[in-house]
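One structure is given below, encoded as structure tokens.
The letters A, B, C, D and E name the chains in turn, as written, and every chain counts its residues from 1.
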Amino acid sequence: MILSDYVAAVLLLVGVFFFLAGTVGLVRFPDVYTRLHALTKSDNVGLGFVVMGLAVEAESWFVVGKLLLIWMLVLLAGASVAHLIARGATQRGVRMWTD
Amino acid sequence: MNASTALPLLILASSLLPGLVIFFLPESSIRIRTALNLFGAVTKLVLVAVMARGVLHGVDYEARMRLLPDLDLVLRADALSLLFVSLSSVLWLLTTVYAIGYLENSPHRSRFFGFFSLCVTATVGVAMAGNLITFLLFYELLTLTTYPLIVHRGTEVARLAGRSYLRYTIAGGALLLVGVVWLSTLFDTLEFAPGGFMAGTEAASRPGTLIVIFALLIAGLGVKAALVPLHGWLPKAMVAPAPVSALLHAVAVVKAGAFGIVRVVYDVYGIEFAANLGVTQPLVMVAAATILYASVRALFQDDLKRRLAYSTVSQVSYITLGIAMVGPIATIGGIVHIVHQGLMKIALFFCAGNLAETLDIHKVSDMDGVAHRMPWTMGAFTVGAFGMIGVPPLAGFISKWYLGTGALAAEQGWIVLVLVASSVLNAAYFLPIVHAAWFKTPKGKWQDKRDRQRLETRWMLLLPPMATALLVLAVGLLANMPLSPLEWARLITMTEYGP
Amino acid sequence: MSSVPLFALVGAGLFCIGLYALIVYAHLLRKILAINVMGSGVFLVLATLADRTVNAAPDPVPHAMIITGIVVAVATTAFALVLMLKVAEKTGRAELPDERTG
Amino acid sequence: MDRLTLVLWIFDSVTGLGLLLLAGWALASPQLFRGIILFVAFSLMMSIAWVRIDAPDVALAEIAIGAGLTGALLLAALSRLGDSEPTQESMNRPIERSYRARTFRSLTASLLAAVAVALVFLILALPGDSEGLGAEVAASLDASGVSSPVTAVLLNFRGYDTLLELLVLLLALLGVWSLGGLPAQPVSPAVLVLDTLARILIPVLLLSSAYLLWAGTHAPGGAFQAGAVLGAAGVLLSLAGWQVRQRYTGVTLRLLLIAGPSLFLAFALYTIVAGQSLLEYPPQRAGVMIVLLEVAATLSIGTTLAALFVAEGPRNKEGQ
Amino acid sequence: MEALAATVSWDACLIVLPLLGAIACFAWPNAAKKLALGTALAVLVSIASLTIRVTAAGAFRHAVGAWGAPLGIELLVDGLSLVMLSATAIVGLAITIYSAGYFKADVSSRFWPLWLFLWASLNALFLSSDIFNLYVALELTGLAAVTLTALAGSADALTAAARYLLVSLLGSLTYLLGVALVYHGFGSVDMAVLAGRVESTPVFWAAFSLMFVGLALKTALFPFHFWLPPAHASAPAPVSAALSGLVIKASFYILMRLWFEIVPADYSTFTNFLGVLGAAAVVWGGLQALRAKRLKLLIAYSTIMQVGYLFLAFPLAVAAAWRGALYLILSHALAKSAMFLAAGNILYCAGHDRIESLDRIAQRLPMSLAAFAVAGVSIMGLPPSGGFIAKWLMVEAALKSGQWWWAVTLVLGSLFAAAYVFKVVGYAFTQAEAPHTSIDVPAAMEWAALALAVAAVLMGLIAPWILASMEIGRAFPGAAIP
């Protein structure tokens, strides 16, 4: 198990931790806005770490390029979809959570 | 396609083609339709005469077509088929003339004459069938073509009569089909052969199956031959126009049934084989029962056509009776009665039609003194009635005479009693009509119809009954002439019983 | 390369779950979902059993069949949805008249 | 080494269980909206399963068509259904709870459970390893003109199936149009975010569709996956509310729709007239012809899938 | 020209020509009618030359794309497929001519592409010898049939189409699961290859029963028949003629192919079970037809009965029974489409098809009533019609193999058929009190119906030729009883 494997493993573990955090947020948070917030934030970061971990393992720069493209697309889509869902929710009159 | 194969097909075509053309004729083209009808009838008569002469000189007419890999459609002209073909072509010509007169201005005549010609085609097909499957084919075709004739009037009563007719005939057809198919599985040929094609084959060793098949075949044919339990449709079918009931009862449907029974007993089973199978005796019993039962029912019918219908049911069973009794004389009686009953019954129906058409008489009760008003029609009616009763010089007497002597020859004495009883019953339901017509003073509402022209009714309605009455007389008097039906029947019986 | 074709069993399960839903539920949209689930089940069976080749690439023919199947499935689903909408528009309810259709 | 197979085995069983549960929830959930979302999740889980059984082409197709387009179609249908459905209630209640219904449902459930068990035993009874047609495909792969086995099977060995399948797609659209098409969706107000998303994403989608098509000849990908991505682009276009100009919905739409099938049929007709057997590729030019056919097919599939989503019918074409 | 005629693979033309026609009709809607008629004639020419070739050179296999059997798809042209193709061509031509007059302008431009797709998919189905290819062809046929049923646009047409679509999809998926198991069990999807490899293992019987259930759903065998009457009754007349005459037979044809080519051993409990289902279909269909109030519903129930007849051929398992079943398929295709076209004329002219008030219409449509009656002769199985030959062969098979109870079912069925045909025909002769206004029916539509009906009856007279061409290249299984 050479050095790059260890680095990749650590990066992947951190990425997975962020995904776990996002999922916990999804389950625990009371209303749609906070859940949106939790998911988009942590999953994007998590994906970043996973992409970096995989990039370390990747054979050629071309594959690394594709991985980064994936990450960019997820970022773009995640943000705009979260915005649209939030807009939809407000239009339907979903009130924010106040304890 | 030499002459011997072309002739049977031409005989079929002579009524099929005009029929198909007439279907598409508009209602108004009366002259063309009449011309086609008469042309068809006359050509058929001529062709039959040519074929008869040919058969006498030993020419073998046979048209064969493959229906299935192992089954052929065969049209063959043997002596028995010629008898029936000549009877139907003669009577078809007369009935066509009568129908043209009878349906002078009624609606749907193209449709009527179309089905009329198809019906005769089917009858001729039944007559000339060379094997059981061809017979079945034309037998079912006969049902299909006669149904529209029965419901021709279009009234609710006609529709119900048609429905009951179908119930009987379709069910009968189904039984016949099963019987024929069963036979085709047991024997490799279904061809009619003079002594029957069953004697001596290995399948003959299974009497049980053959008896069941015989029952199926007779039940299927019995519907049209109006044997007792299966005769229900006949009286109801009287609602049809007169030419239809005349053709149905004298020539087409009823005779096809009787003819079928002759074919099955003689050319499929063979009379000896059937006798020692023990199936002929129950058939005699059923025929006798039908004769008596129908004659009794005829007594109580006030409607003239229903009375004649019941008389037909009993008269046709004479044929079955004659055939089922083992013995050449009885067979001659049975076969000759096919022609005699045809002539007599058609004469009676023509007269009934005349009475209904011109004076609107349907009931026997208001026929008093009608003879003064329509002497010719009632004359023909009287000849027919006396023939039916069996008065000596007429056709009926000859058939009953042969049946009686045949019964004695076959040691079946009680049959003579049945014949005598039925003759008495015939007299009981015919003589009052004749007496009332000739000797009673007219009291019916028909008197106000003054006879405006020279003849009592249209000539087309008068000629056919007169012709058939004359034929009844001629057949009776000239029984021993070489070409008479009796001689013909004797020729057939010789071939059936062999040397 | 586990010896037990696990996903094929899952496919069989999906087929039966889909069939149950198709028979039991009345709403047409549910029935269309059920048909899609059954389709996925059959494709799973088809593909998993193609993977039983020992140390060689999996058999490509079932994969081609599945792609054909998926495209056919999406085509029929699209048409079924529009038909459902038309039924709902004409009869007021997106269900077949007799409640439990076989 | 056995530790890895253990981990993989656990991963597989979790995925399998997840599939079954997701399917069950999707079908049984009281609200239809929740059902559809769960169904989309089920399709995504399916693509994981496809990857686990070495079927990358199918995974691509499943995501693009199964999860993407079918999900979009379902959601669109649900939204259109919403207005014609008087109450939400009837949409999501399963059939009524009468006693007769309950026995019927339990009877069906037990019957189908038996069928499932039988199927399981059957599948287990199948031989552990069988070559299938893998060897034959590998043997004649180089004569097929492409190096990716799945595309070779799809376009060359079983090209006839693909021809029929393209026609099924076209027929579905014809069916939708023959039903009179659906009322045009009210154009949502121009949402800036959706607009920019579309402006950025559509070129990327077109690019990746072209890439998938080109990659199909030697790696997982091909006409159907590319066509699906193109269809997704069309869906995004209509969602972003861009009205395609009148000129493009006329004859050009029809020509685009029949581009793939008619090219395929022209090729078939050519092989008939030339006396060869149906759809027989000349060996040396097979590769080029396959790519040509794939391009036309992708265009047709993309347009058809987009038109199926829009489903407004040809009305706007004749301008009635 | 001879060289071209000899080398051209006419079977491929049978598939490609209607497809091209369909796409052309879709691209140029206002020229659709002429294109469709042209395509119909072209298909007829292809069938004629294919028949000449097959009767001369015998059955042959056409490897699509010149790849071998296990890898590529093979088309099989033998007596069985030839006979089905020619029946489809004849009925198809009549329906094309009929639809030219039947549909209004806007509907007709949508009808033609769908109809030609249906025709092409039927041709593809009858030619294919590859069970997965049959799945795709079945899917194409099912979808085309559903879209055509929904063309009528009325509420019950749409619900019937929705139910038909769901049943068709369920059938296809079950069939596909069967194909999957067969493929993975025996390594190929081509019937000829499978015929060599298949042996009677539980896997095979499970796969075959799955395929059977799928196909039985599509053929509307008795327990799965509920979707047929509403679909066939509410579809436009030419469509219901195509559905009842051809589409139902397509899935039964596949069953026959599988039963002849692949199924290794005869499995008597299974075939007797099929016989019982067939008998139930005959009785149930007959009773419902008698009770039907509307003409098209009556004809649809009669289809269920005739399907019941077809399944009686399984328990009989004698070569003659299969000839009878195939003959029934042909004569029923012609007769049933003639009946539906005639019913279409009546509906077109009077606006309703209630049987009680049929008499007012019968006066104005003598030819359509004649077509219905003549077709009825073949449905009833009375001589000299094709139906009679079929009934004769099957009853003969039943009696020869000693299973007389199937013969009783057949005869009972024909009595039912006679009852409901004459229930309709009986009204044709009744007098009409008040002939109300009605649209007169174009002549082409009446002649199409009559021509089909007469063809169904005349088929009875050319039996030896058809029976011979039926068994080119493949003799039917079952003991050839002398």
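Note that in this section a contact is a pair of C-beta atoms (placed from the backbone, for glycine too) under 8 Å apart; a residue touches a chain by one contact, two chains touch by 3 or more.
Computed from a prediction, not measured in an experiment: that's the story for all the values here.
Engineer: Going by the contact rule set out at the top, which chains touch both chain D and chain E?
Structural biologist: Joint contacts, listed by label: C.
Engineer: Mind listing the chains that sit against chain B and also against chain E?
Structural biologist: none
Engineer: Pick the chain whose C-alpha centre of mass, unweighted, sits closest to the average of all protein C-alpha coordinates shown.
Structural biologist: E
Engineer: Which chains touch each other through the most C-beta pairs?
Structural biologist: C-D
Engineer: Look at all chain centres (mean of CA atoms) and spot the one farthest from the centre of chain C.
Structural biologist: Checked the centroid distances; the maximum from chain C is B.
Engineer: Considering only mean CA positions as chain centres, point out the chain farthest from chain A.
Structural biologist: B
Engineer: Let me have the rounded angstrom distance from the C-alpha centre of chain C over to the C-alpha centre of chain E, please.
Structural biologist: The computed centroid separation for chain C versus chain E comes out at 28 Å.
Engineer: What's the distance between the Cα centroids of chain C and chain D, rounded to whole Å?
Structural biologist: A distance of 12 Å separates the two centres.
Engineer: Quick one: report the Å distance separating chain A from chain C, using the average Cα coordinate of each chain.
Structural biologist: That gives a centre separation of 31 Å.
Engineer: Measuring centre to centre with CA averages, how many angstrom lie between chain A and chain B?
Structural biologist: 98
Engineer: Would you please write down the residue numbers of chain C that are in contact with two or more other chains?
Structural biologist: Within chain C, residues 15, 19, 45, 49-50, 52, 61-62, 65, 68, 72, 75-76, 79, 83-84, 86 contact more than one other chain.
Engineer: At least two partner chains per residue is the criterion; list those residues in chain B.
Structural biologist: Residues of chain B never touch two or more of the other chains.
Engineer: Can you tell me which residues of chain A touch two or more of the remaining chains?
Structural biologist: none
Engineer: What is the complete set of touching chain pairs?
Structural biologist: A-D, B-E, C-D, C-E, D-E
Engineer: Using the touch rule from the top, collect the residues of chain D that touch chain C in their complex.
Structural biologist: 5, 8-9, 12-13, 16, 19-20, 23-24, 26-28, 32, 35-36, 39, 42-43, 46, 49-50, 52-55, 57-58, 61-62, 65-66, 69-70, 73-74, 76-78, 80-81, 84-86, 90-92, 94-96, 101, 104-105, 108-109, 112-113, 115-116, 119-120, 123-124, 126-134, 137-138, 149-150, 152-154, 157-158, 161-162, 165, 168-169, 171-173, 175-176, 179-182, 222, 224, 301, 305, 308-309, 311
Engineer: Quick one: in the complex, what on chain C touches chain D?
Structural biologist: It comes out as residues 2-10, 12-21, 23-27, 29-30, 32-34, 36-37, 40, 43-45, 47-54, 56-68, 70-79, 81-86, 88-89, 92-95, 99-100.
Engineer: Spell out the part of chain D that touches chain E in their complex, as residue ranges.
Structural biologist: 118-119, 122-123, 125-126, 130-133, 136-137, 140, 156-161, 164-165, 167-168, 170-172, 174-175, 177-180, 254-255, 257-258, 261-262, 265, 268-269, 271-273, 275-281
Engineer: Can you name the residues of chain B that touch chain E in the complex?
Structural biologist: Touching chain E from chain B are residues 65-69, 111, 136-137, 140-141, 143-144, 147-148, 151-152, 154-156, 158-159, 162-163, 166, 170-171, 173-174, 177-178, 181-182, 184-185.
Engineer: Can you list the residues on chain A that touch chain D in the complex?
Structural biologist: Interface residues on the chain A side: 73, 76-77, 80, 83-84, 87.
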